[in-house]
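Below: a set of structures, written as structure tokens.
After this come two complexes, each holding chain A, first together with chain B and then together with chain C.
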Partner chain A sequence: MGKLMSQKMISLLSSSLAVATLFAGTAQAAPKPTPATFEAAGPVVATGPALLRRLSPDQYRQTIADIFGSDISIGGRFAPEIRDSGLLAVGAGNQSITADEADQYHVMAQTIASQVVDKSHRGVLIPCRPVSDTGADDRCAGQFLAEVGELLYRRPLSKDDLQLQVHIARMAALQEKDFYAGLRESLAQMLVSPEFLFRWSEVQGPLGGEGVSTLDPYARASELSFLLWNSAPDETLLNDARHGKLNSPKGLAREVDRMLASRRLNAGVRAFFSDMLQFSCAENPCLDATFAKDETVYPRFTPQVAADAQEQTLRTLVDLLITHDGDYRDVFTTPRTFLTPDLAAIYGVPLPRDSPNGEPSGWEPYVYPAGDPRAGILAQVSFVALHSHPGVSSAVLRGRALREVILCQKVPDPPPNVSFKLVLDTTNPNYPTMRSRLDAHITNPVCAGCHKLMDPMGLVMENFDSDGSFRTRQNGVLIDTSGSLDGKKFQGMPGLDQAVANDPAAPACLVSRLAEYALGRAPTGDETQWVANLKKDFVADHYRLRPLLRQIATSDVLYRVEWKGVQANSAVAPSSTVASR
Partner chain B sequence: MGNQLSSLRRKPLNLLTISASGVLLTLAVASAASAGESRSYVLNSFADAAYSTKDDCAGGIDPDQTVQYALDLEALGMPEEQVKKLMAGYPTGPVTRMLVDRGRIDGKPVNAFTNPASVIDPKLHLVNGHYAYGFNLDGKGADSPNSFEDPVTHELGVNNQLFRVYGCHKNFRGPPADTGPSTYYSAEWSQARPTFPAWVVTISGDDLSKDGPVTLSFDRSLDHVLLDAQGNTESYTTFRLDPDPRAHNVFHGQLEHGVVTITDHHDFHLVGDPIVMNDLDLSHTHLRMTLEPNGNASGFIGGYQPWIEIFLPLGQAGVGFEEFQGIDVPGFYYALKHLADADPDPRTGQNRRISVTWQFTAVPAFVAPARSTGASPVLSADNGK
Partner chain C sequence: MSSKITRRRVLHGMLGGAAISVGLPLLDCFLDDKGTAFADGAPLPVCFGTWFASMGWTPTFWEPEVVGTKDPMKQMKPLLKALEPFQGKINLFSGMQAFLDGRPMATHETGAQICTTGSIPVGNDLDVPSIDQLAANSIGTRTRFRSIEVSYEGVPTSWSRRSSTSINASEVSPLALYRRIFGPQFTDPNSDTFTPDPAVMLERSVLSTVTDQRASLIKKVSASDRVRLDEYFTSIREIEHELDVQLQKPMPMVACSKPEAPPDGPHGQAMDLVIANGKLFSVLIAHALACGQTRVFNAIATMGASSVHKVGSEATFHIDTHEEAIDPKLGYQPETHWYMARCLDCFADLLKQLDSVREGPRTLLDRTVIYGSTDHGYARLHTLANIPLLTAGAANGRLKTGYHLAAPGDTTARVGLTVLQALQLPVSSWGTMSNQTSRPFSELLV
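Up next is the complex of A and B:
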């Protein structure tokens, strides 16, 4: 018996005939990797459950681009992801596929498969030529489907899986009298398979300790690849899995180092920070975070600005943390960034450039002078505009986001019977500034407690309007940007930036978030100590991201799952290697 | 937004010393390196300075072009019944070709737009009102023949024959009498604006919050404007100045009560866009520009402009221009030629330039020199911020 299906997966599949037809042929196990003899790097610790995580839209796109090329368009649309415990990566473990989403995956699969086999791509993407273009050819189809299938499923296809796919290709080719139509149908079927759409936690069985198992080499390869590159494993990684090189700490470390040295690490780092900084709320507005702006009030906040804003922050982070191997705390103070003409206009700074006459400009590196309030990622449009209302800035939303997103500190929700009318009324001449409105608002003692957690930081950001544009006055009154963070007083954005950079909660929050991002869930049991150790080591490594990623990626903790044996309800799909033991 | 812009303007931080390389550089303006303050703007709108009043077209408003076409055909000697029959099929059928080729040379049909003088002058209605925006270009004041009074400054002797030419056509009329769609040039500029190099103006002086002498420079940029979510030119974007000296104009002027006027009236030249205007080429240049409290600027620029340069984009657009704008192209040609009031051809005596006034609005911008390699300084920006 090979893979077992969870109840969740069964119900998922029943929602779509197009998907369900694909699961007939999973009875026989995939080819075995080198026999698993895992070397544990440390004592076996209690761990959490195995997860079935849906590929994120970015992971889907990146995987298709990596396998077939970036010129293959995806088509269709992705449903909004679920954010859980502050991360989409955690929500991905709790996400199924609705009937509508299954339809969209089907559209995407057909769109992609049609392009892969069309005349402009088949010569490059298909490794063989059929005996005849107008009929079936099992040999050539098998060669193509085996290669692509391994990349899509992130493990070799079982013999039965491959036979099924070749059969689909044969039937379609004969029906349409077109070999490539056969490949198209078979490939489209693989693209809607749960093997592709979900990351499975296939395990090798008990690992010495009570109730703990470890992922099989291919699942390890997937964990590594999605963590570090936000994409499916490449051929080298799959080969290492095949040959058991990921089973030993030494082999694993060697592969992790290769991946950390790759430029593809940028994609992984960008994916993590996009998740942590809640950039998905830019496309699908969240409760307290939105890029929706009233264009009559903020005409400069164009869709291009919204897109550029996220990219600016990601470029800033990658430049500092990866390119320059910098200190994470510096992301809050760094004067180095990248701008487009649209962003420069929002910030009100000059941006000379070199692009040819009339050509849309790209990104230009930019350095703020010392003490400029626009330095650091907290002053960037991606933060101040995202955490604002559509028609007015919000010291409260910004202060709350700073607590929750950057410092991982929970701020209670407001009581349901509080009126915000006064705070949102920017035209009241008695309260010309946000500070004056909030001062009046928190005379209500019910409100004051929580506002003390948010307002002293949020008000410092009032130099930035809802669209992120810089201002020094509101309604003609000079904006007071004094503030404090947990009792430490400062003046203006440079003061806030430095206070956050100096706050141990900021780097600790990054470590917690990254650990949860890697695990796909909150740490549990002994894993909490593992996270505590990561935090200590992050300090010792001078707050550099690469060593932290290395430590997580080479840790046994990442590859351990709760083991309850082979159960029908388990989300874990043990391979026959274990089942036969 | 106005509040934001004005507050930015008062911001004490010096934002002008930033370069991509991080090197701090001193602010300098090419045209006025010693000036204490400079503000740059990029043009947001540029249009004919139409000031239409209720009774300024004694002959009436020009007829719709379909009516004019019928008159053109009748002028060719066609019987009224034949014209009616042909125009019933307009804009399809053989009449469209006949209208394009309504010129006659040696009795043979020729293209009316490349040969406007071959068409019988349809005699467009001309403005004969009292007011027009503009300047006393010839210095004759109230004694200047066919002159107007400026409705804002009330200066007499305003020379603006271009307004007299087009001002009785419905698509060239503006407020206060006409509150309809924007004028032809306004619409064309608005549509074409993001597709051609921007025009930039920089004012420099010791202290632009006070009255005093200033220097004004007009430049063509290498960059196009960006548009905001409402379709207006985005403010505070950066424009590289075209190093070609033909794209650079410098004037001395005076700032008084927030209004800049130029005190030397030499030639002006900026390369434009073929759709709107190939070149803005003026002699006896006059300018009046208001620095608005919200940080924007608006004004008028006038002078004598080669009338053929005004005609050419319209002739080039040909029947399309007639159909979409509804103005008779050969009629426009004749009116321009007849009302041209400067620069007589020494051989024929025909005036080659016509007095014009254009109005413009502008938003704050940064300007920088075009650079060929590596790091570059920011040359100029709005350091009033």
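Up next is the complex of A and C:
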């Protein structure tokens, strides 16, 4: 933080302490990183602005679990995130923290800190014992707070920061006559600090003027870690940052390969697809995407089914893309998936149970027979149920989601003053099915332009009711699942799946989304060419996700930012940076 | 009431002689004999709320036949039947319009944003505060909560915003709201005794060290990020403020009583749940205002293209507005009207709760003004013309009520400006571009 405590702070917390001697012998007080020399990994392109990004709820939860263990409950609630350009990760760069949210973070901070220092956790989580449980102990407090602070802030605490935290711990310990109460208050303070709640793009000089700069080593570590693991950097990564190992293309690539080989990559991949596929709408209903179903119409669709549905898709994706290093296009046609008994009941398929004594099993791998309309992720409950109304399926919502979520093609909002008079009567025997009603609707030329983008694909999914269950008839009439995608006609879900898999827009969309997810914003300037190159290389790499992630994570673009009067990290030697275009 | 204990003194003692830089005096005023004002003659503070229900009202089926002041509400149309008991305490505004100025319309969203901010967004960019936050800047600074937001249908978003990057979330659980307001941190303003909680003092002191980081951190971010970082620090200061208020003897509120905790029930988009949770929220809002915990609230019955539905029905409120047949005898969509009427029931219940809180000869509703808006004039066609707007309550006598005013083609911002001036905010105009106005309904202002 490079700034001394304010006079107010000092007066607030001052006591008879000999401040200067607080940290003698403290384990990790303000280590100095190795002076950095950054080398560009390839062709240098113009770049976009630095971004302050809010930790997502998942990143918050994952970070707390990684640092303190998964048995620490969060308490409180997270406010809905803002989706921008199709991604919450982009919205996080445009979202601040409201008073209500700050209140919730405050509650969570107190809840988490109380558990960390309670009697059942302190022995494991606090690396030292105080001289007395009923008083202050600056040495032990300093050791704990330095270690935890580095993991929370994703960089070592400066000397001033650590002094402040130990002061807080001391004052609270004296106040409450409890060493651990002091740690609790200091930890809670760090948990509401902007240095924890936001991801900082701390830049490395040169000071003065404007131009392009590069992230400092610890900011590089954070970029990597949140992209690939959806969590804060681990000790190895922070150590690599400390020793300058992330500064060279070779060192960076070595670290990226370590992270790509880790099982924690699954968490990063799951986070990305959860964002892209709008699974956050399960927790906080979105206006046109919801897992909320009318329980009298769909009694089998429980909250557990909604949770399982998302898990099914994420397992399918990780299995194909990571475990089997497969072709992304196959996610739309793959017969391989995983089911729970509840999900199998929705899909209407028998699920062999391997568990003993006939006990219900958890997740079981399942392979659909060839040509089954339930193959591929578009037929999964997580897609067809999410993009439906609570009491009825919706070809329009599904068609729109396919365009916007899977193909990255924006469908315009409907114009004002549209007449719906041609589909007024849902009981009209002339319009017994969704197809017939929509056909009538799009005879209106004002509506036809957009509905032709959505309906021919959405109607193919009409074999799936709002809860995702399979059906062949609606109101007694056989459902017509013929359809088309941009002029290519097909029959049924297998045809749609194959058409999407063959559409170059689908893998191109994945690359665009992943690039934006990594940057936290839309590409600007030359970055659009960088994304175009990523798309070409994705094709050349046979549409495999790991090489794409590797290319993004090792790209100079991820670590370069426009620099306009932003104070550089003074802890890193500014004169040694490379800032050439 | 505590005698001469001040927060400064207590903190001084608690923190071992350390100097405390923030000191807020205790309020030692009492209500006058009538219960309508403090002992020094100042009236009880004005409160402000917004009410929102999407899908508008069917044109020609809600506007009173009479325009103006002469008993315009005597014959409320059937759709507004729920408001009949309050016809003398509300105003209706017809014919008003939200202007797009050539920009695209996000259906069920843009109209609502114009009604609540007076401005039309460009993409995600809408860097103006909503009307409630403007009001909170003025009247919400001395209460524990600057504002509270609730959603009856379980969708935790709101139209309340400080800017496009700082949008307030709605509370969807009545029990969670109860715990937040009336949980252990609640202090009965009418209690004879008051002892500041040492734990709150400690929390407050520690939290102040976060805001002290601002000066050093703000230099590390770009100009646009500075705005967002400052919004964060503003939020932290609001928590500090909340804690400060807890450390003071609250001013007595004659009608304050702690409500019963609501049940830990479900929330969701079935209309029955919307109505049930709406009733619980109405009770909590009334008690929160009566107890001086907040002076600003935002209540949403249904949000935008709502998936609110009848249990067992395939259609939703939103689907019905577009696809339900118009009954040739009635001349309107009966199912759609049913939803609109149920939303009005919810609103009437809120008015009933506020009006049942007696503060001397007047009621809590009398010292409140609620601004009610929606997203479309005629949702079936997504129109932005003839958007139905209303106000309820007299803003502590600053707003006349019982009127139906027709202002065909005028910007909806006229109602917002009228409300802001009734709250005595120093604003002479509100809104931007074609939605901007400097013409309040001056005939309503006292």
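General remarks:
The working rule: the second predicted complex is superposed on the first by the 509 of 581 C-alpha atoms of A that agree within 3 Å, B and C clash if a C-alpha of one lies under 4 Å from a C-alpha of the other, contacts with A are read in each partner's own complex, and residues count from 1 in each chain.
Simple rule for what comes next: contacts are C-beta pairs under 8 Å (C-beta built on N, C-alpha and C of every residue); 3 or more make two chains touch, one makes a residue touch a chain.
Fair warning: this is a prediction, and the values are worked out from it, not measured in the lab.
Residue contacts after overlaying the shared chain place A:Thr296 against chain B and chain C alike. Once the two complexes are overlaid on the shared chain, A:Ile64 sits clear of chain B and of chain C alike. Touch criterion met: A:His389 reaches chain C, while chain B stays clear of it. Legend: residue contacts after superposition of the two complexes on their common chain; A:Ile112 is shown touching neither chain B nor chain C. Contacts of A:Asp342 after superposition on the shared chain: chain B is touched, whereas chain C is not. Using the contact criterion defined above for the overlaid structures, shared-chain residue A:Ile406 touches neither chain B nor chain C, since it reaches no partner. Note on chain A: of its two partners chain C and chain B, the one contacting more of its residues is C. In the superposition on chain A, contact is made by A:Glu195 with chain C only, not with chain B.
When the two complexes are laid over each other on chain A, chain A has residues 295-297 in contact with both chain B and chain C. Chain A makes touch with chain B in their complex at residues 295-302, 335-336, 341-342, 344-346, 348-354, 357-358, 361, 364-369, 372, 465, 469-476.
For chain C in complex with chain A, the touching residues are 14-16, 18-21, 104-108, 124, 146, 149, 154-157, 162-169, 176, 180, 198, 202-203, 205-210, 212-213, 215-217, 219-225, 227-229, 231-236, 238-239, 242, 268-270, 303-307, 309, 311-316, 319, 322-326, 380-384. Residue ranges on chain B touching chain A, taken from their complex, read 1, 3-4, 6-8, 10-11, 13-22, 24, 195-197, 222-224, 226-230, 232, 234-238, 240, 366, 368-369, 371, 376-378, 381, 385. Within the complex formed with chain C, the chain A residues making contact are 1-3, 5-6, 8-9, 11-15, 49-52, 77, 79-80, 82, 84, 94-103, 106, 110, 164, 168, 171-172, 174-176, 185-186, 188-189, 192-195, 197-198, 200, 202, 284-285, 287-288, 290, 292, 294-297, 389-392, 412-420, 423-426, 437, 562, 564-567, 569.
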